[in-house]
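Please find the structures below.
What follows is chain A paired twice: with chain B in the first complex and chain C in the second.
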Partner chain A sequence: MIEFVMPSLGADMEDGILVEWHKKKGDAIKRGDIIADVETQKGLIEIEVFEDGVIEKLLIEPDTKVPVGTPLALINPTNKKAETIISTDAQKEASHPIAEKEITPTLNAVGVNKKIKISPLAKRVATENNINFSTLLGSGENGAITKEDVEKAIAQKQKSLANHEASGTTTEDKTKNASNSIRAAVAAAMSKSNREIPHYYLEKTIDMTKALAWMNRANKERSVKQRLLPAALLIKAVAISLREVPELNAIWDNGLQIKSDINIGFVVSLRGGGIIVPAIHAANLKTIDEIMSMLNDIIPRAKALKLRSSELSDSSITITSIGEGGADSVYGIIYPPQVAIIGFGNISEQPFAENGMLGIHPLVHVTLAADHRAIDGLTGSRFLTVLNTHLQNPESL
Partner chain B sequence: MTYREALKQGIREALHADGRVFLIGEDVGRYGGAFAVSKGLLQEFGEDRIMDVPLSESGFVGAGIGAAIAGMKPIVELMTVNFSLLAMDQIVNNAATLLHMSGGQINVPVVIRIGCGIGRQLAAQHSHSWEPLFAHIPGLIVLSVGTHEDARYMLAEALKSPDPVIVFEYTSMLNSEKEIPANITQVDISKTKVRRVGKDISLITYGTGVYKCMDAANELAAMGIDVEVVDLRVLRPLDEETILASVSKTHRALIVEDAWKSVSISSEISARIMEKIFYDLDAPVLRLSGVEVPIPYPVHLEEASVPQKNDIINAVKKILNHD
Partner chain C sequence: MNKEEIEKIIFNSLKQIAPDTEPSKLSPDENIRETLGIDSFDFLQFIVSLDEKLNLEIPEQDYGKITTLNSLIIYLTQKIK
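Let's turn to the complex of A and B:
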């Protein structure tokens, strides 16, 4: 039996309200299905499942607020090799129908009137990693929390740390609340970054003549709806360049951990203030057209605070782009635990010397802010050089 | 090779290697040893080297201690550990203390071999696991022979010690057959030995527990549980470093012994784990020990009175919450 738990969609997310179930007992589900809507402190998120199976039981009734990690439903996996096998005791406890039991498993998990059983090792690891173990469900003997349980919580936390997120709800009040909590989330993440990460900054001016010419040619063959924007081109160029300089596609957690998947977080500004960073997964494997259509789909939903949980997870690097008519350069603040953020300023026509001749070229100021604990300036510089090379050969993107 | 044969080869080798070595004990000569360990040695080495003695443990253990002080290398055989109580005064008040009392002038390099253990239907007076009694005493080195390689090679190392060494041999294992790996020609009696490397839990044991734990570990491996088996081998002074390193790695420990649970070797190890590496523990340390009764005569009750392979398997599964 697999527990489907309240996911953590951000380091600072402590609880969420289960708003609506999209599935009921006995429904067959498969990986990626939307199972429920959850309102987090940052808005309404559609929650996906990660296993195939059948819903054995819904444990939490709609409109209930529960801490992160609380089991919401039990899923009978199609694949018997379930990751989380819960103890018989916990199962007994958790599988009591809601109606029959006044104290829900949630309250037990919080441990209002119950001592928390946690091994000394698990407690040490939890404390070192700032994990609130009172919300964890133990898999050890008699439901004791073990190191493995804590490590799972850490992995979940790291996953969600890599993303800002938010979402909105229907009424204006709720939107305002959401925007306030987004502000708070941005504040917390950026303060942590500025406090802990020794940033270094590099900048390179890149000639966009060839890239824009290629794009304009390409757009002639496309319908208005399918037309490309420079952002798609830049994202793809960054993704390809990261393949050659993988050290930037990484997280810092007591050491550099290079990520194999290139998942690019793309900063989207919200109308009411604040930012949200949906992820473009495996951007290096997508075509520019695929990236463009993803942006067309994801940006309006991000602005409406209607994102799926998977779209808010797993970014390994962030891009921030000022867009047309804005500032010429942007010096980003790294989103921890990532190690780099790439900034694109406004693309504008400027005097540019080339082969001893001065001409007017569309230029973009590309900046890189990187974590000096993890990577050095030479690596950053190499990345910008590689990026330039790719943008001078747009056909190869 | 049987455990008995391994012990005998160890004794023979020691007698050949050093003219100061001699074997002294009840029935070790003409009768060939109560458990036939020294059979044939009298004919080979003569009465000066293989000495039958009157039934007086206090007397011949004292003689061994005196010979050791005088420069000999005696191997004293106590037929079974229950008789060792009669020699306890010599062992505790003389062998273990003389170095201290003489201001470091007098070493007592005596080796006392003791047959012990449970499992041959010898009933309450002849079935004892009294390793803890001896391991309690400063000044003694206490060894437990849990494998055939130790049966074969421990004695030579014990004889090198300048201080008294108590060697526990297990009568229930005498007939068991095992190959000794050809690459092993000596053992380190100062070190506890990790007999099997694993990552999920440390089974810490000695004596008859070693092979039981190895068998249990093999069955557990088939269930996906990766067990480390730690053969203490030296019960005093404990090789704390090896024990703690293992538990620090696996984060879980089950201690297995035949001795009665209260105030035992497992009590000591459990306490040291808690004192030294509490924050590395991912589960409470558990112990499987002998049931605290006089050991019964009927075979099914005798078996039930000490930990068996299935008890070990069940306890490991319980600690790991494995179903």
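Let's turn to the complex of A and C:
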């Protein structure tokens, strides 16, 4: 049996409201299926499952606010699949000797006969009030759930229902609430970062002549819908550079933990203020066209606050790009527990000296903010040099 | 297609990508992207939307010719002819 838990969609998320189940008891589910909608500070998120199986039981009623890690449902995995997962995991371990620890596991395999300690009275009160006591933390002897614990849960449930009814009376209110809560989420994550992470900053000016010429040629052969933007090239160039300097593609959790998958968080500014950072998974393995079509899909959904859980949870590094006509440089604040953020300023024509000659070239100021607990300036500098080399050879991106 | 019809299509497309703005309040010579806060990505969506509605591909090298409402309408009117 597998517990499907409230996933963490970033270091700043503490809880979420289960709004709606898309599956019911007995439904067969496949990896990647949307199982529920959860309201978080980052909008209404579709939550996916990472396992094939059958829903054994739904543990949480809709409109309930629960902390990250709370079991939401029990899933009976398809046997054959479970075996496959074990063997692929073993292979993964073998082929990636670098220690990798998931900070926020979405699925926890648990014993089927997990015994819950609860007093008979507490159990009766819970049952009468439709409270799922298996999710409660007991405050009694040896962690036993007491009547008081159940009463607290009842009060919490009523409060969250009342809040839910009170909020969102109009679409305008909802948008305003979403915008306020995103502001709060950004504030929490950035304050934590600035408080805890000793940032260092590096900057390199990169000549974009060859990369833009390559892109303009490529775009002439493409329909309007397939046109590329510089952001797609920059993401790909960062991703393949990280293969050569993997120390930046990591998290800091009692030490540096290098990630094997290169999942790039791309900062999207929301029109009403605030930012959201969806992930482009395995960007190093995707073509520039694939990255562009992902951006075409993900950016409008990010702006509408309609992302999926996996798109918000597993970035291993962040890119922020100011875009055309904006500021020339951006010095980012690292999104914890990541260890680096790469900033691209506006690409603009500037005087540029090369081989003793002065010319006008499109240039971009690329910055790197990195966590000095985890990596040193030399490594950061090496990354920017490698990135420059890749951007001077756009045809091999 | 007359000027008013083209204008209506432009406003609809802009409203789609920047729903919180009032494109119809743009002055003819204001920079569309700066005034409405449209980034490179939104601008590409706008070009795609014009292509769908007018069946007209605007090449990248012409982006500089369509920065204001006035210049965009003139550009589209000539292209549609």
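Keep this in mind: the second predicted complex is superposed on the first by the 300 of 397 C-alpha atoms of A that agree within 3 Å, B and C clash if a C-alpha of one lies under 4 Å from a C-alpha of the other, contacts with A are read in each partner's own complex, and residues count from 1 in each chain.
As a convention for this text, a residue touches a chain if its C-beta (ideal position, glycine included) is under 8 Å from a C-beta of that chain, and two chains touch if they have at least 3 such contacts.
If you're wondering where the values come from, they're calculated on a predicted model, not measured in any experiment.
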Problem - First (chain B), second (chain C), both or neither touched by A:Ala282 - result: neither
Exercise for the section: Applying the touch criterion given at the start, work out whether A:Thr146 contacts chain B, chain C, both or neither, answering first, second, both or neither. Expected result: first
Practice task
Specify the partner with more touching residues on chain A, choosing between chain B and chain C.
Solution key: C
Practice task
Considering only touches as defined above, state whether A:Ile34 meets chain B (first), chain C (second), both or neither.
Solution key: neither
Practice task
Classify the contacts of A:Met190 with the two partner chains as first (chain B alone), second (chain C alone), both, or neither.
Solution key: neither
Problem - Contacts of A:Leu256 with chain B and chain C, given as first, second, both or neither - result: neither
Exercise for the section: With the two complexes superposed on chain A, say which partner A:Gly325 touches: chain B (first), chain C (second), both, or neither. Expected result: second
Exercise for the section: Would you mind listing the overlap between the chain B footprint and the chain C footprint on chain A? Expected result: none
Handout entry: Of all residues in chain B, those that touch chain A in their complex
Key = 251, 278-283, 318-319, 321, 323
Practice task
Spell out the part of chain A that touches chain C in their complex, as residue ranges.
Solution key: 216, 219-220, 223-225, 227, 229-231, 269, 271-272, 295, 299-300, 323-325
Practice task
Quick one: which bits of chain C touch chain A in the complex? Just the residue numbers, please.
Solution key: 18-20, 33-34, 37, 39-41, 44-45, 47-48, 51, 57-61
Practice task
Within their complex, state which residues of chain A touch chain B.
Solution key: 85, 87-88, 119-122, 124, 139-141, 144, 146-148
